[in-house]
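Only one structure is covered here, and it is reproduced in the block below.
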Amino acid sequence: MTGYVQSLDLACGALLVTAVVIVWRRRLSAIIRTFALQGTALAAIAAILAAHGHDPRLGAVAAGVLVLRAVALPWLLRRALGSGPDAGGRETRPLINVTASLLAVAALTMLAYAVSRPLTALDPSPAADAIPVGIAVTLSGFFVLVTRRRAVSQLAGFLLMDNGITATGFLTTADTGLLVELGVSLDVLLAVVVLRVLAGRMRDVFGDTDLDDLRELRD
Amino acid sequence: MVTLLMAAPVLVPVCVAICYLLAGWRPLTAWLAPVSAALTLASALALAAVLPGSRAALDGLIRADRLTEFMLIVIGSVGLLATAATPAWLRGEIAAGRATTRTAARHSVLVQLFLAAMAAAVLAASLGVTWVAIEATTVATAFLVGQRRTRAAVEAAWKYVVICSAGIALALLGLLLLNAAAAHAGAGTGLDWARLAAAATRLNPAVTRIAVALLIVGFGTKAGLAPLHAWLPDAHGQAPAPVSALMSGVLLSVAFCAILRVTAIADLVLGTGFTRALLAVLGLGSLLVAASLLIRQRDYKRMLAYSSIEHMGVMALGAAAGGPLALAAVLLHMLGHGLAKGSLFVSAGRMLQATGTSRIDGVRGLASRLPLLAACTGAGVLALAGFPPFSLFASEIGIIRAGFATGLGGVTAAALILMIVITAALLAHTSRMLLGTDAAAGPAAGGGNGSSAGGAGASDVTAGLAPVVIALAACAVLGLYAGPLAGLLHSAAHTLTRTP
Amino acid sequence: MSRLGIAGGVIQVLVVTGGAPVLTGVMRQVRARLEGRAGPGLRQPWSDLRKLLRKEPVTPAGTGELFRVAPLVLLATTVVVAGVSPFVTTASAIGPAADLFAVVALLAMGTATLALAAIDTGTAFGGMGASREMTIMALVEPTLLMSVFALSVRAGSTNLSAIVTAVVRDPARVASPAGLLAAVALILVTIAETGRLPVDNPATHLELTMVHEAMILEYAGPDLAVVELASSMRLTVFLGLLVTLFVPWGIAVTAAPLALAAGTAAFAAKVTICGAALAAGEVFMAKLRLFRVPELLGGSFLLALLAVAASVFLGAA
Amino acid sequence: MSLAGSGLVLAVAVASLACLAVLALPARFRPAAAGAGAALAGAGGLVSGIAMLSGRTFTVALPGALPLSGLEFTAGRLSGYFVAVTGAVAIPAGVYAIGYARHAGTSRSACVFLPLFAVSMLLVPVSATAATLLLCWELMALTSLLLVLAEHRRRPEVAEAGRWYAVMTHLGFACILAGLMLTGGGSLAAGRHLSPALAGTVFVLALIGFGSKAGAVPLHAWLPRAHPEAPSHVSALMSAAMVNMGVYGIVRTGFGLLGGGARWWWLLVMLLGVVSSLYGILQAAVSSDLKRLLGYSTTENMGLVLTGVGAAGLFEDSGHRMLAGLALAAALLHVAGHAAFKTLLFLSAGSAAQRAGTRDLDALGGLRAGMPATTAAFGWGALAASALPPGTAFVSEWLLVQALIHGLRSGGTIGAVVLPAAVAAVALTAGLAVATFVKAFGTGFLARPRSDGAARATEAPASMLAGMGLAAAACALLALLPGIVLPALARAAGVAAGPAVTGLVTLRLSGAAGELSPLLLTLALLAVMMAAAGCLRALPGRRARRAARLWDCGSGPLTARMEYTATSFAEPLQRVFDDVLAPETDIDVTHLDEARYLVTAVQYRRMVPDRIEHRLYRPVLAAVRAWGTAGRRLAPGSVHRYLGYGFCAVTVLLIVLAVTR
């Protein structure tokens, strides 16, 4: 039992830490690597819950998550990063500097804890206690999305958000039905593919530019 | 049989899409798309005729009630309008060298998938599936927005996908929380909205609040409500005209329908106060944004897009007012806005082909150069401004009346003021484009290019406008006499407001 | 319409028509004497009219029907006013036409018609005269209305004969503040409307100053005679309104011949005295600049307004 | 369905048929179809209006029409009066349109919407529910807007006028909408009890909305722009019939829906009326555009009507039913009279402008030679408009003055303060109206032509003359025998204490001393004129008339350039009211290149701008533009900014959710 709790908390901790690291690091390749780690942590959460609940279907899902988030998506990201001169380029000066970003993430985590009190109170369990982590990761993902200038790092932010949401989904230990889970994963995959293709096109037409310079459409 | 009718709106477009995939875009296949839209419309009407109440099919995967039927009618009619106008438009594009038959084929495939996804979104029995379908529309339309691979198109597509995915992700979070609440309620319901509504009394209010807030904001992104509205003008401005028509006329409404479903459940759990406040704030915000950006607008496609934001805000206010009258008005507004905005975007596309510029000050004296096109545009704008006999007049009257009746007086008054400003801006910009002599338009319309394109386009520009005329006429007739549709409206509104 | 009214109407028309030129003569004579001249004598205006009537009628080139009809309209309006107003008797010949509003409108109509005729000539003089006359008229008409309203408020009717009857019944009310204010306003208006100094100088043809004369510059022969007769009658009528509204003493209340005679005599005397006083006043006055005239009229309008207000307040008190 | 209902049904049917015909027929026949349709619809309206006045009633409920609200029409005496007036205006306008449109060669839309406009105006007064009223009102606004735009290809001002009109009418519509919805948005029948504050709000909103349609100052800005730019028969319909709808709305809301009300309402209405009448006639007096002048005169006349309505409200409030009835009857009579002479004036001014090719009084003149009938028509209308006998305005203003004068005694303290001012305003208006119309008629139609167009102008075609003739006949009827409409007035005013004015030939006030007989007056005038003319003919030694040169001071023949123009005619008046009108003059002197002291040319320009427009509307427009410029910063194109909006919103939302529970 305690093993279950500790391992679950460990996995959730890993989830949060990787999120913080993604906010922290600037080198895109590093961000992608961390993202893969986070995918693993996510899969771990699913696996732990499956083991604890003796739920083979959830186990399968965990496997799927591992494949999708720890292998497929990072690979896509790396492809999006391209093999051009900017391979492993850096996130040049984010809109909010790293220190401030870290502080913001801390604040967001606090907010997540405050907001999700009713959730944890819904049915107290080790899993439910960890729900705030999922929400915090989601929020920091959104934060990355807002503050990062490079296409790939924005993509990473989006995926970070999605990981958080998925984690929340696992931690609420409520089954949404296989169809929905598959659909969601498929949609995410497709969205990432689309974004990746668009990123490629953008590199073609704009060169490797700062997203914040995309201001042709304005009023 | 009914099951087939219910499945048709999803299956037919998929099949047509496959046809396009195999056969490509030819003069013959060009008319498959309107046929599929017509089939959707027909099945929706048949469904409305034969199916009195709610009914589930395909072991609870899809469910159709009056609201679904009405939404299918919206999708079918606006889809028919847009797809019927597509061949002429595509021919124009190909003639102008901005597209090839390959792009045309890809365009048709994606449009069909887009239609299928929207139909699935309203047919789905589970909010989860609805979410999946709505996110699928983003994926399907992303490449349509970026079809012309210009810088602007790619930029618009990127913004569109990023903002929409981010917003819709919030909705997913909300869904999961709602699901958790449902699971804890012990109904084992999953996200089937009918069963959620049934089990509403047992849902945990505190959790539901958070979930509903996230859901409304998230789906609001797709519905073009502030604060995550910003993708809309870019995408609508860059997308091909028929696609803009579909996105503005149907996609927003489909997303808004999801909001209505959520609101119906939330009101059962939390009482009307919470969603009313939230929707009123979002609606007023959207109106404010639309007004601020319409006053000095320079691009007529963006102008239409912002007017869509305005109308979504109006619908949000109607939903905030709640009650059968307001909701019926909101639904009627969806249909009317779909028809008017759809025809306006189609006309705008033709205008772009004729004048070669999408800047307002590039178009002058259209009434004397292309009378029919000018008439369609003018009529459409008058419809948007809420003039009778178009149906938006009736629906806006209903919404405002409900607003004053349900103690939202202050909000409604503020909305009225903003709507006056918006109407003034719309009419001013449009009159500058349509009225007067085209003497002034010579240099402004992109130099010789504009005028020459006008000369070339003048003949076939008017060709593709038959659907527009029909749509506007339908909108006008609807505003004076809804006939059997009125009953459907009321029962659809009733399905939303009924207590379990 | 009573016998009294009929008799009064007939007498008034005759008296005014016949006496108006005489009154003009009287005024000219008074001025002449005060200025130390011998003066042409009282019958001069009548002789002028006779001379003009003998001349051949002349139509200036490019003028229309209206130009020819205008003198008749001017005359007609004045005669009707002279007929219906209660000058000699308290009753009116045509009661429903003796309303203050109608009388003022008739007088205004005469002016307007003459102004149109003047514009019709298309000369600079005509247009100038018409423009100035209408400007003055636009301020005179309201003042006229207001100053008599002040009296009609107390009488409870805007019918002139009703007002006069009320005044006859208790003469004290004339001395009320309202009455005095109204009287002053009405005097100013009369001066302005009949084209006397200091508003207009009937004896000049200097285009910088003339108003009335500029309008009738193109008239000659019988037309001119009619215009001259009508304008002198207007003067008489205005003075008559003034005296009958504020000093109606001696006016006939019954149709008895004696009473009628007395009324006629009293009317003639009062009007003559007023005319003489007016002429005497003119001697000591210089003409105002044209653009100072509106100030004068504005002042009189204000007086009239005050008169109405005062009549209400003091009436209520 | 009684005669009243069937008349309206007929009107609607005819109008829709006419529209179909216009769409179907070739261009040659369109004007005829449209004009005939409008005229027939007007006839139907007139019949049903008279039927309603004589007490016939009907109720038509169409629950299926206008989704979510349904339509309901019902007859009423007040409604009947306005329907009758509107119909009576539509007949001559329609007849006139046949010839006018054919010669102007107006577009299809200009023809299609004419019958619709007429019929939508007919339906406004019989609307029984808020939604119905709003629908007919907005249809009326839309059709008139499209008709105003009919000639947009000829003059750029048309589009500008259309913009003003569209925005102002939409503003008014929004106010009416809000007001009616505050009362619950149901039936317009009386007897709904609202709190005084709410009722006051409703009334003020309705006053703004309906007042803007009636062209009341300061909501008049659209009127002198839109009315001149429209085709003349449309101007007539708008200026003679549509503005009345504003009056109807105010009366209906104030007396009917809200059932009287506080005294300050009616003081407000009266203030509006007084200001409108004075400002309108002043602007008209100095304007040199013929149709613009007529537009401002509409504002003036509506001001007089509103003064009467306000007075009626005051008397009603202080319990003097008889005086209230008198004042309302005066207002309604003025509505009818104004409809008659304004139709006549706009129609004749339209034919003059069309034939001479300009509306500028400074370029017109001398039309009496080329187009005598039109000149006569305009002269008759001008006489009617300037409150001189025998004119329609003369009678109605007499009634109005009677009401105010008799009210002076019984108006209470406020009455004693307000009514004298009102009387003064009416008197001043009457005086200025005379000057204005002398200017319009004299410089526009008499004297010598000031431009080639005016010199070449020929008489208008028969149908246009027929239209003018009908209007002129109506003027004569109302001017000489106002007695025949008195019963209708009494019924429409709905006075409990019986009709306030009686008599056919001689109008007598019942309950107060006062009588007037325009017919006798006119007969007396004519008799004297005949007699005088006879005397002149009978003179001894009479000789034939001889033509002579004008007095040109011996310096050659006089040219048109030496004439007084309308501007110079109005100059003294404008000098008098300098402070109110605030004219703008600018002089630019071009010097010789060699020496600065030698002047080659001096250019002097003076315009009298609409001051209220400058002071009231310019700042608002500037503020809105500034808002728009600032608003652009909301969409700078940065995707981060866009996402940031959402992020901040979500954060705030979550904080709120966390704090409140």
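Going by the order they are written in, the chains are A, B, C and D; count residues from 1 in each one.
What we mean here is this: contacts are C-beta pairs under 8 Å (C-beta built on N, C-alpha and C of every residue); 3 or more make two chains touch, one makes a residue touch a chain.
Bear in mind the structure is a predicted one, so any value in this text is a computation, not a measurement.
Counting hops only between chains that touch, subunit B reaches subunit C in a minimum of 2. When every chain is reduced to the mean of its CA atoms, the largest separation from subunit B belongs to C. Measuring from the averaged C-alpha position of subunit A to that of subunit C gives a distance of 100 Å. If each chain is reduced to the centroid of its CA atoms, subunit A and subunit B end up 31 Å from each other.
Subunit A and subunit D have centres, each the mean of its CA atoms, that are 69 Å apart. Distance from the subunit B centre to the subunit D centre is 43 Å, each centre being the mean of its Cα atoms. Shown for subunit B are the residues in touch with two or more other chains, namely 158-159, 162, 166, 206, 209-210, 233, 293, 296. Annotation for subunit D: residues 631-632, 634-635, 639, 643, 646, 650, 654, 657, 661 touch two or more other chains.
For subunit C, the set of residues that touch two or more other chains is empty.
Inter-chain contacts occur between A-B, A-D, B-D, C-D. Subunit D makes touch with subunit C in their complex at residues 285, 365-366, 368-369, 386-389, 394, 397-398, 401-402, 405-406, 408-409, 416-417, 419-421, 423-424, 427-428, 430-432, 434-435, 438-439, 441-443, 446-448, 506-507, 512-517, 520-521, 524-526, 528-529, 532-533, 536, 539, 541, 543-552, 558, 560, 562-564, 568-573, 575-576. Interface residues of subunit A, counted against subunit D in their complex, comprise 95, 108, 111, 114-115, 117-118, 139, 142-143, 145-147, 149, 211-212, 214-219.
Those residues of subunit D that touch subunit B in the shared complex are 64-69, 109, 131, 134-135, 138-139, 141-142, 149, 152-153, 156, 158-159, 162-163, 166-167, 170-171, 174, 177-178, 181-182, 184-185, 624-625, 627-632, 634-635, 639, 641-643, 645-646, 648-650, 653-654, 657, 661.
Listed in rising order, the residues of subunit D touching subunit A in the complex are 631-632, 634-640, 643-644, 646-647, 650-651, 654-655, 657-658, 661.
Residues 53-54, 56-62, 64, 66, 69, 72-73, 75-77, 79-80, 83-84, 94-97, 99, 101-102, 105-106, 108-109, 112, 115-116, 119-128, 130-132, 134-135, 137-142, 145-146, 149, 152-153, 156-159, 162, 217-218, 220, 222, 226, 290-291, 294, 298, 301, 305, 308-309, 311-313, 315-316 of subunit C are the ones that touch subunit D when the two sit in their complex.
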